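Note that the chains are named A, B, C and D in the order they appear, and that numbering of residues resets to 1 at the start of each chain.
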Amino acid sequence: MKFLEARQLTKRFGGLTAVDKVDFDVDKGEILGLIGPNGSGKSTTMSLVMGLHKPDAGSIHLNGVDIAGWAPNRIAGMGVSMVFQHSRPLQQQTVLQNVLLACLPNKVTHLRVTDAQRDRALESLRLVGLGGMEEKFPSELPFAGLRRLEVAKALARDPDLLLLDEPFAGLSAGEVREFSDLIRNLRSAGRALILVDHNVKSVAALVDRAVAMSSGQKIAEGSPREVLANADVRRVYLGSQSETVGANVRKRKSEASPVLIVKNLNVTYGKAQALSNISIDVVDRGVTAVVGLNGAGKTSLFNAIAGLLPSRGEIAFRQQSIAGTPAHEIARSGIVLCPESRELFGDMSVHENLQLGGMHLSSADKRERLDFVEQIFPRLGERRGQYARTLSGGEQQQLAIGRALMMKPKLLLIDEPTLGLAPIVMDIISESIETLRKSGELSLLLAEQNMVFASRHADSVYLIEHGAIEWSGPADQFVEQVGGKIL
Amino acid sequence: MAGNTFSIRRPLIGLAIVSLATAVLPYVGLQEYSLSILTLGLFFAVYAMSWDLLFGYAGEANFGATFLIGTGAYTAALMSSNGVATPLICVAAGAAGAVVAGAVLAFPALRLRGPYFGLVTLVAVLIMRQLIILFSDKTGGEIGVAVPDVIAIEAATNFHIALGLAAVTALVLYLLVKSPFGLILEAIGQDSVNAQVLGFNIVKYKLTAFCISAFFSGLAGGLMTFYLGTASTNVFVDASVGVQIIIAAIVGGRRTVFGPILGALFMAIASEYLRPLGSLSELAVALIALIVLFFLPGGLLGLVRLARRPS
Amino acid sequence: MLIQVIVSGLLISAIYALATTGFTLLYGVSGILNLAHGTTLAASGIATWYLMGTAQLNPLLAIALGTLTGVAIGLLTFVLIIRPLRTLMKLSVADEHVFMLVATLLWTIILQEALSYLFGDVPVSVPQLVPGIVEIFGVRTPISSVLVAGLSWCVIAALWFYVSKTRSGQTILAASINPKGLTLCGVNLNAVHIVVWAIYGGLAGLAGVLVAMILGVSPSGGLELTATAFSIVVLGGLGSVGGTLIAANLIGFIETGTAYLISPSVRTLPALIILIIVLYVRPQGLFGRR
Amino acid sequence: MTKVHSGLKALSKLALGGFIAAAMSVQASAADDGPIRIGVMAKFAQINGAAILNGATQAVEEINSAGGVKGRKIELIQYDDQGSASDATLAFQRAVRQDQVSAMVGTFLSEIAITLTPWAARLKVPYIVTGAGADQVGKLVHDNYPAYKYVFRTILPASSTADGVCQSVSDLAVKQLKYKRAVLMTEDAAWTKSYDEALKTCLPQHGLDVAETIKVATDTSDFTPIFQKIEAMKADVIVTGVGIIGNKPVVQWANQQVPMLLMGYNAQAGASSFWKETSGATQGLVTFTAASQDSALTPKTVPFGEAYLKRFSTTPAAHSYATYDAIYLLKNAIEKAGKTDADAIVTELEKADFVGASGRIVFQGPNDPLTHDMKFGKDFVTGVAIQWQDGKQVAVWPSDIAKNKIAFPAFVNSAPK
């Protein structure tokens, strides 16, 4: 019997099955990696183990006891700890007090801190490398320090099973290395660890076994090497081989000056630097792709261009600076964002969604535009009266692009157009991108995890890692020069 | 907490000095009328401190403070008017009654979050008011219950009672929020998921906090009943009195224990100065509170801290 | 008896429905529980009472001006309270919620005291538009009440038409579903909020006039009206206009039924108790989605 | 946290310093030759409070222009209780301890009167209640006599009101209109408990059956169910007892054209502004009240009403008469005592036999059930019943002063069923 055994774990949110009959084990002294793209259900799986969500079906045996459906504090009492991705320490208390909190028993009559508790807190701080910072306040710690503080809190509870949610997000390469060492040390102390990450590379070097998930299901399990070599996993991350066959990779160096120029763009979230000195040129009337793994900073870049995020640096659209312009004015000026989250009006019909996209057009223009969109996505014409939230994921993606097209964009930003879509829908999106390119009326900027998909359509490609441009160049050189390094 | 005993001791010494300094006010020429303003202000200070234990630390906005206060006041008043016990026993029973009523309300209400919790606590006040009117042959209805006994008649004595109560409440609450219990409560208030993951049963802690808040609210309610001489719905079971308490706590500075005292006294003294405005004085107080809310989110105590922190 | 319950229930429910529609619409679009709602109603009713009685204006003109009072207070609430709170203070979502409640409570007191100062704190009633009575299935009913109920449902129908059939209405609906999506469609959310507050004020204003005509209003009765509206809206599910309409009828009928069948002295108790039970069993309200 | 206490200290120094300075600067002088200070307390933003203040003002102005109290002027000081007992206790203490008033009049809400009664005893200052009618005030004085002897009342207590309602209703409804059945509709409040009991015994004795007693919640908004129910009982008249919800039942009675007269007691309907507040819906309503503009209860009643109308552009309410008389009672008592000493004033008040605007005022003694309440009935204070007719309160009872007969609103059939 393994220390932790999860069987047929299932969680539904409304109609969506976020976790679908997933099995996995982890033993003491072992690190299990849960990997998968955004929305694959890996974080929900971890929440089920911690008790933050109640599973709809399945069992979780910890040391032989079924803890499925227990309240989180009871599960914590069984020796399970969790490190959250976003830390919210107590700002008015010192670092030491924040860790002391974790050492306290669940007893309202416990009114004095014992020496033993204090020693344990100090020891945890030392272990994570925060020795000497005890009397500082969390606001005085750097971003990585806050992450360490969270780990110290989890460690102070001396857990048998430690759950880590995206421990590397937002960290620099050097910090990732230090953190990996820290986590490795935790395993050697005889603990069981589960690590959730989409950063496949760092996980591969660290974990003993990996479970890959996609659309709520387990698609592969085994050693990191086996999982990474798995065809399904590669398809989820890179796109399948069959799609690249016959790919119409074209080289086109536009003679016209770039339609959008981004220079030295910086975006910070509190202390975390999401983008540092990003510079890109978007090909006029062509397709430009920004590729990178989940969390690399693609969405931040797009949101910054669309005016949804404050940023520092230059953004010029057709030689005009648009930095600091309100988001709705940017949208009206012709830069239209079709976000990863799609942001549809769920309780309104397909037709109403499209109408809202074209609300600034004259009625004749609007009718013509509607025909144009329904020509590209015939499916939307068939589903005209249906509520957007009842559409399938692929249809929603088409509607999101369709609604953006209703605004007659000069530059269309599409964030993750293919994420989580079935191959057949991907083909529809592919075709639509080609149609738009041929129409010659707009420029496209794509953000993609699926690098093969991206390089197939793009004229020029930028690779982002950890918020910085790692590579840029023509699309046809991308696969040969960079492709291998990603996975 | 070890390592920062000093930072606990100094505010406590401060509390003691301020309390003692205030206690001699009757003997240095402060008029009896001024004392009575401060007396009522100090009772409000206790309400506001108790309320802020729930709001500032446990993160729950209780719109039914007067449900707890009213239970304390009416329990004490009804016992006294029926000749059951001496005033002090009535007050103690009032505090105990408030704890019981608070637990009965809180145990199910704490399952709810945000506006829903607030609504249930608000509705509790409305229902209690209705019941008092409905059973007016026992409760005195809209006329209230007159208490035959008094604890003290002298303005100075009543002032000392209120001051002592406020000081003891401040002391107990301050020690409590600086203890592991307070640390956990604050963690729950800021991020209840995280606190659960650290192994804390948030309902247990919030319920305890609710009972403590109820205890001091009920205690002060009972004592204030004996001070005023009657328990009546407009003073003790009224949503708008609850609003005044909330305003006092936020104006003074939430999550500070001492801030609400400042807020309550500020409101009492401000209304006294604004009295020449006649019926517009309440409007002026609300306006001031609104301005404080907008420009000093940390409250008056936050302003003092801001001024004392150079950077 | 049953017919009486049905007729009276229908009339009172229509007023409840109109008086709460604006409140729930506002929550749906901007996420704000305006605790000054009842006082906004009272202000409009009192303004109409004053214009009709003391200033001797034409009744229809007075009603129109009373409704405009509601619009003005709605816009003032947004400009003086809501927008400053959102722009001046950088609050977390949870904090913003509480500060919003406290700020609108303070605003309630300010409005209430200003009304008391100007008009005195007394309950007042707006004269009936058309005096006289009709018999409905043998139940004697004031013509005005029937008109008011009819008008309430007409306004609600007009609101429905506006939201589902006009471009501006669709924008507001979209803002309530997904404000970010609307920004991406090139719409200025701030402008949408102003429109919503104006519509809210208009709904509250007209409702206030009608409440003053049928039931009477007073400055200090505002909080009580807010509490009733709040209960109805929460029962129906916060932000769900349809749920609110159903809950308004539910509460209207339960109160009327209680008054007829049990006793007028416990009229509101069963509704309050049902509300608490619903909250425990289904905190998102009868028709709210989580 | 280390900064807290010093900050607290600094701020409290600041606030308290100014406060103390201000408090100490207002040192009142109570010299024997200065003006006599009398406090008047109510919530002045309310019509009732304004009526109390106006009654007091009228009396003080008359007395001062007539030479004052043995040459000393009366200074009237206003105290707004904001309708709250805690504000009221503060104001009462300010009046006595800081402004050093010789007596206090006013108070509309019973809970405030009951709260202030022990304070008047503690602070030893004569206090005449002129607005609040709960019997408990008189009972408190009775039970705690002589400690609570400082409290008097010139407004009728609920039991006297019930008495007056019974007499007026039986004269008007039974003798004049030949009615047989009544429904008692009273608000669900503490003061109506004894009111209900009294009427349920008294009315049948005069030949008016009480078909049922309907209690109405004080937060009732819609009266339709209540009126429908009453109508189904086939009664001839509705006898009301409302003090908190005066406006709504009247307006809805008119709107719904309930075909029965409203009689009995409606506190708000005694105020002259009631016509405006109800936009005229009160047409035809009959209520018992202390006195009215055209009721010549005593030679003083009508002149007072006329002077009041001239001075304040409105007609007096019941509390105006009560407060007006209270000030005169105090004046007489001080003159007789020759000093403003509280016990001396009380002794004189207890001996008073004074014809005021609301009747002949003699206070009940320590052995009567409601000590220091006015004696009620023929030759003492009787009260009047008025009916609202075309914007005016018209006295319809007692018959010797009644100007008009009962008139019927269009929707009320005059004949008994």
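Keep in mind that, in the parts below, a contact is a pair of C-beta atoms (placed from the backbone, for glycine too) under 8 Å apart; a residue touches a chain by one contact, two chains touch by 3 or more.
Just so we're clear, the structure is a prediction, and the values are computed from it rather than from any experiment.
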Most extensive contact between chains (C-beta pair count): B-D
CA centroid of subunit C to CA centroid of subunit D, Å: 36
Whole-Å separation of chain centres (CA-atom averages), subunit B against subunit C: 32
Euclidean distance of C-alpha centroids - subunit A vs subunit B, Å: 46
Multi-chain contact sites of subunit D, meaning residues that touch two or more partners: 45, 188, 217, 219
Residues of subunit B whose C-beta touches two or more other chains: 130, 134, 279, 282
Of all residues in subunit A, the ones touching two or more other chains: none
Pairs of chains found to touch, sorted by chain label: A-B, A-C, B-C, B-D, C-D
Contact set on subunit A toward subunit C in their complex: 306, 308, 326-329, 331-332, 336-339, 343-348, 352, 355-357, 359-360, 403-404, 407
Residues of subunit A touching subunit B in the complex: 50-52, 71-73, 76-77, 81-82, 84, 88, 90, 92-94, 96-97, 100-102, 104, 106, 108, 110-113, 115, 118, 134-135, 153, 157
Subunit C contact footprint on subunit D (complex, rising order): 43, 45-47, 50, 188, 214-217, 219-222, 224-226, 228-229, 231, 246-248, 251-252, 255-257, 268, 273, 276-281, 411
Subunit D-facing residues of subunit B, complex: 6-8, 10-15, 17-18, 22, 25, 29-34, 36-37, 40, 130, 133-134, 136-137, 139-144, 146, 148, 150, 153, 155, 224, 228-230, 232-235, 256, 258, 261-262, 265-266, 269, 272-273, 275, 278-279, 282, 300-301, 304-305, 307-309
Subunit C residues touching subunit A - in the complex, by the definition given at the top: 167, 170-171, 173-174, 177-178, 180-189
